[in-house]
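Accompanying notes for the structure given below.
Note that the chains take the letters A, B, C, D and E in the order they are written out, and that residue 1 is the start of every chain.
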Amino acid sequence: MIKHVPVLLVAIPLVVAFMLPIIGMVNRTIRTITAGVAIVIIMVLSYLLIQDVMICKKIFYYMVGSPDPTALFEHGLTFPIRIALKIDQFSLLFIIMATTLSFLFYLFSSQYIEENERKNYFTVLYVCMVAGMMGMLIANDLFTFFVFLEILSISSSALVSFRTERKHPPYAGYKYMFVSSIATSFFLLGIAFLYAQYGSFNIDYLKKVMDGTVLDKIAIVMLILPLAMKCGVVPMHMWIPDTYSEAPAPISSMVKLGSLICLYGLFRIAFTFGSHVYVSYELGILFILFGVLSMFVGVTQALIQKDVKRLMAFHAVSQVGYMLLGVGVGLSVIKSGDASFAIYGKIAMIGGLFHVINNALYKGLLFLTSGIMVRHYKTRDLNVMHGLAHYDKFTALVFMIAALAISGIPPLNGFVSKLIIYESVFHYNPLLTLIAIFVSVLTLASFMKVFYSAFLGMPPERKPVEQPILVKFSMVILSIIIVAIGLFPQGIIKLLIEPAVNALATF
Amino acid sequence: MRLISVVAIVVIFGFIFVGILHLHPIGEPVGNPRILYERPPLGIDTQGVTIMDDYFLRNGQVETGSNNIVASIVFDYRGFDTLGEATVLFIVVSSISMLFFTFLKSKSIVSAGVPRARQFPRIESRIITFGAFLMYIMILSFGIYLVVHGHVSPGGGFQGGSVMASATALLLISFYITRHMQRTRKIFSFFESLGLTIFIGMGFAGIGISFLYNFLAHGTTVFGKIIPFGPNPGYLISAGILPWLSLAVGIEVFFGLSLILVTLFHASGVKNNL
Amino acid sequence: MSAIILYITFVLLFTMGLFALIFKRNLIKIVIALNILDSGMNLFFITLGYRHNATAPIFTLLPWDTHITMVLPTPQALILTNIVIGFATTALMLGVAILTYRNNKTLDTRKLRGVEEL
Amino acid sequence: MIYYFFLVISIALVITALLSIYFRDLLAAIVSYAVFSLVLTVLYFLLDAPDVAIAEAGIGAALTTCIFVIAIRMTRRREE
Amino acid sequence: MHEFELEYLNWIPLLWVCVFLIIMVLFIIIGKIFFRDDFDEMSEQGLPFYSGTSNKMLQLITASNLYWGFKHTLQSYFNSLNRLFISNLGDFIQWFIIIVAIMLLIITGALM
């Protein structure tokens, strides 16, 4: 049964999503429970895979619909026929992150979103979003990646405009959909150019067959830049603050998770096709440039914000800069003759990928706490908020942990991955590390501002309402994971991150 | 700032144009256009097959048993994309009914003082109602034909479903029924989820060998008639789970699209005097 | 060689769609431009799979004596998916545009720039 | 011989696309988009793709135009 | 492939926890020594003492002018940033198109 896991990761959430409207008509609690059970099942499935994929270095291939699903080619052909799904160390790392976090955010949203008839559609779209993410992570076929990218964009843009009665959420959903559909059109143009020359969509087959013609170079640019736009890289990042600030709290963390999955697609395409089209050096420089720009511009714009969710959205942009910096250094030196990749390139990539995991954790927690703050004060303006810590000690503690983690304070996980990035990028070019450290200081400054103005000061007029049990439970779990990774980083790196980097960087 | 973007668009135009000049000329794609009729019977022919499309053209009929190679690709070889496709439509239908929920729940349909008749201009002329009724039957039967004959003639779940949905659009315009909207939307949503669960149930039915495996195709009694290679008059019961999948997608697309149309018609009828 | 006209129409449609997307201000006009861009992509995929004097990839009632060579079937299977995705994007963006009009009473992107000053 | 069809249809496509972008009255823009979709259906039929032609006609011409008209009915007709 | 050295990471996690605990214990002890039991946190004593204006809201440094110095010095940088990224809908992809054009020129080597 274990060989069917790649397809089950997508099929189980889809089955539950399709049956939810019928279940929702019958009874509401059963609907919430079945959706939660579906996400738990795929989480457990991804944990079962750790043993085979990460330790025994086995790669799961799966041809959907073929008599022998694990066979790569049928009837002695030299090219794949059906849709190929593939789970290797690199994608399993992201699958574990995506399933665990979407389960925790689901726990949060099941009691945070008010219980009414619309909650039925909210759960359906949430489970479809998780299925879209899973589909993108296991697709080894460019067109399947395109279809599941579209599923993720449409369901998250519908969820962003969930609060239709307010002034701005529908327009934020419109912007997100506008940006996503242009990105997918350009992505499709890249697929069309590759299909015109090699007649196939399979990534592994294209990697073998591709030679560096002009069309391949154009196709690579058309495949990479739309995904960079969806990750919120600086020059194209202005849609992120509008989208994250208007969405309900668990949805902005899920949309952030979705943009990290687009980052996975970006790395997957850059590393597999980059060296075959002899552009991996230029792509590495592009990633580093995007990284530095995102770090600096994101944090400076965040520092002067007075709207708490916009501030955190700009921080999401600047944190993506760290990851791009780490992996960009690895990509640019991967092809260079000397052993510099072995010295610091691989460590930079480890730092970059580790930062992806840490950032997903504490950024999700920050969005959740900001949701609670905004719900209590009925406004997102930091000037009006004061003194929540007097009554709601729990949220203050959780926010403190997450804010310290994002600004890289030693015992927590932000520090670990930033330290690795500083260490390895210093070998490449010391100026980049200086900028990275300066940006980290500015991050700490802006989160001190948020903590000072929202939690300290005079006690608020009315007492904050007690948060429901599941909301507190999911935030406690998130902060426990953050502190655990912060204290025991070696375990995570040895088990998950290093095999993922080996899988990504092998040619 | 606008000049820079205009220059950028012109540069992109130039690059795509250059890329196209490097592309193969229109009539000669990459594949091997070998003449199809000299082929060993009942075998999988991989001689001289260079790309994926040649394989589909030479073996699509034998492996899936359907005459329409495009339908065999949509539902059998690349069935996972079609599953994603049906999810996209399902997501849009549930998001439209989510977005317009407050519209339809609000009782402001009958705005104060305006009598109901004048508020919704009922078309009383016999010609339209009778003509629409005849047209409705014809379009619906054409849509069902397209869905059921998916694997024999051009057509399939999506096209048949969308033709039937245009029939509901005709019905909504000509009769302008707005009384039982709440109940019709519940029924449509139920059938749409039913169609989708049939689709993915078919996918799971073949999980013993692999997801979405065409277990009915090869010579089984019910839907597995083995058809001779080359042009043949086309047999309805020949393509394994293809007709079932096409039917499921047809149900889902028809009820999904008409649910979108009913919701939007109902919402546009609400005089938004908010 | 005059068949290259189809590639030229694709490039024209693509750039026209891009041009309208950037410089048009009405929300519904932008959705129309997105549709034109998407239809251009579909046209490009189908012209990639077109073969001279070949028939459609359907075996029913084909005359036996002709030399059967067929058009590539995979682009057509993918364009089915892409047309429905294009329709889904249009339906969602129009629904959201209607709601922005109901909340902000305007469809012009310049007037809708309220909150995003920094 | 078929190239003349391609030539005529391509010109029709580009003109209807230009019109649908140029018109300030949204209803006229949508009607020209429907014509664009219809001409595209004919072109798909000429390019030996009957499945795609029916899909483009059913979804592109019929339902997209229907949804556009509903959207205009609920918002504003003139493009300000 | 020699084992890369990340030895600066394998600190003893207990070290952090012990340091944290020691500091907490020190705080409690110092607090006990200098604590005055007649202090009532919720009463007027608990509120911070502000000299200068008696208006309560004025004393609180609100969030938007907490870093006004930083904003004031970099005002020209922020103005240019605003000019570049006015968030009109068309501008979202304006930069995307420009980046695609530049990258096409660089990657296909037409620039050099």
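Keep this in mind: a contact is a pair of C-beta atoms (placed from the backbone, for glycine too) under 8 Å apart; a residue touches a chain by one contact, two chains touch by 3 or more.
Since this is a predicted model, take the numbers as computed values, not measurements.
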Partner chains that subunit C and subunit E have in common: A, B
Chain whose Cα centroid lies at the greatest distance from that of subunit B: E
Most widely separated chain from subunit A, with each centre as the mean of CA atoms: D
Subunit D and subunit E: spacing of chain centres that average the CA atoms, whole Å: 51
Inter-chain centre distance, subunit C versus subunit D - centres from mean C-alpha coordinates, in Å: 10
Computed distance of Cα centres, subunit B from subunit A, in Å: 32
Inter-chain centre distance, subunit B versus subunit D - centres from mean C-alpha coordinates, in Å: 19
Junction residues of subunit C, two or more chains touched: 3, 6, 14, 18, 21-25, 27, 30, 47-48, 50-51, 54, 56, 58, 74, 76, 78, 80-81, 83-85, 88, 91-92, 96-99, 102, 112, 116, 118
Contacts with two or more other chains, residues of subunit E listed in rising order: 78, 87, 89, 93-94, 97-98, 100, 104, 108
Multi-chain contact residues (two or more partners), subunit B: 5, 9, 12, 15-16, 23, 29, 31, 52-53, 56, 68, 70, 78, 81, 84-85, 88, 91-92, 95, 99, 154, 156, 158-159, 260, 264, 267, 272
Pairs of chains satisfying the touch condition: A-B, A-C, A-E, B-C, B-D, B-E, C-D, C-E
Of subunit D, residues touching subunit C in the complex: 3, 6-7, 10, 13-14, 17-18, 20-21, 26, 29-30, 33, 36-37, 40, 43-44, 47-52, 55-56, 59-60, 63-64, 67-68, 70-72, 74-76, 79-80
Subunit B-touching residues of subunit D, taken from the complex the two chains share: 50-51, 53-55, 58-59, 62-63, 66-67, 70-71, 73-74
Residue ranges of subunit B in contact with subunit C within the complex: 2, 5-6, 9, 12-13, 16-17, 20, 23, 25-29, 31, 33-37, 52-53, 56-57, 60-61, 67-70, 73-74, 78, 81-82, 84-85, 88-89, 91-92, 95-96, 99-100, 152-154, 156, 158-159, 230-234, 253, 260, 264, 267, 272, 274
Residues on subunit B engaged by subunit E in the complex (per definition of touch): 1, 4-5, 7-9, 11-12, 15
Residues of subunit A touching subunit E in the complex: 175, 178-179, 182-183, 186, 214, 217-218, 220-222, 225-226, 229, 235-236, 238-239, 242, 279, 282, 286, 297, 300-301, 303-304, 306, 342-343, 346-347, 350, 382-383, 385-386, 410-411, 416, 419-420, 423, 445, 449-450, 452-454, 457-458, 487-490, 493
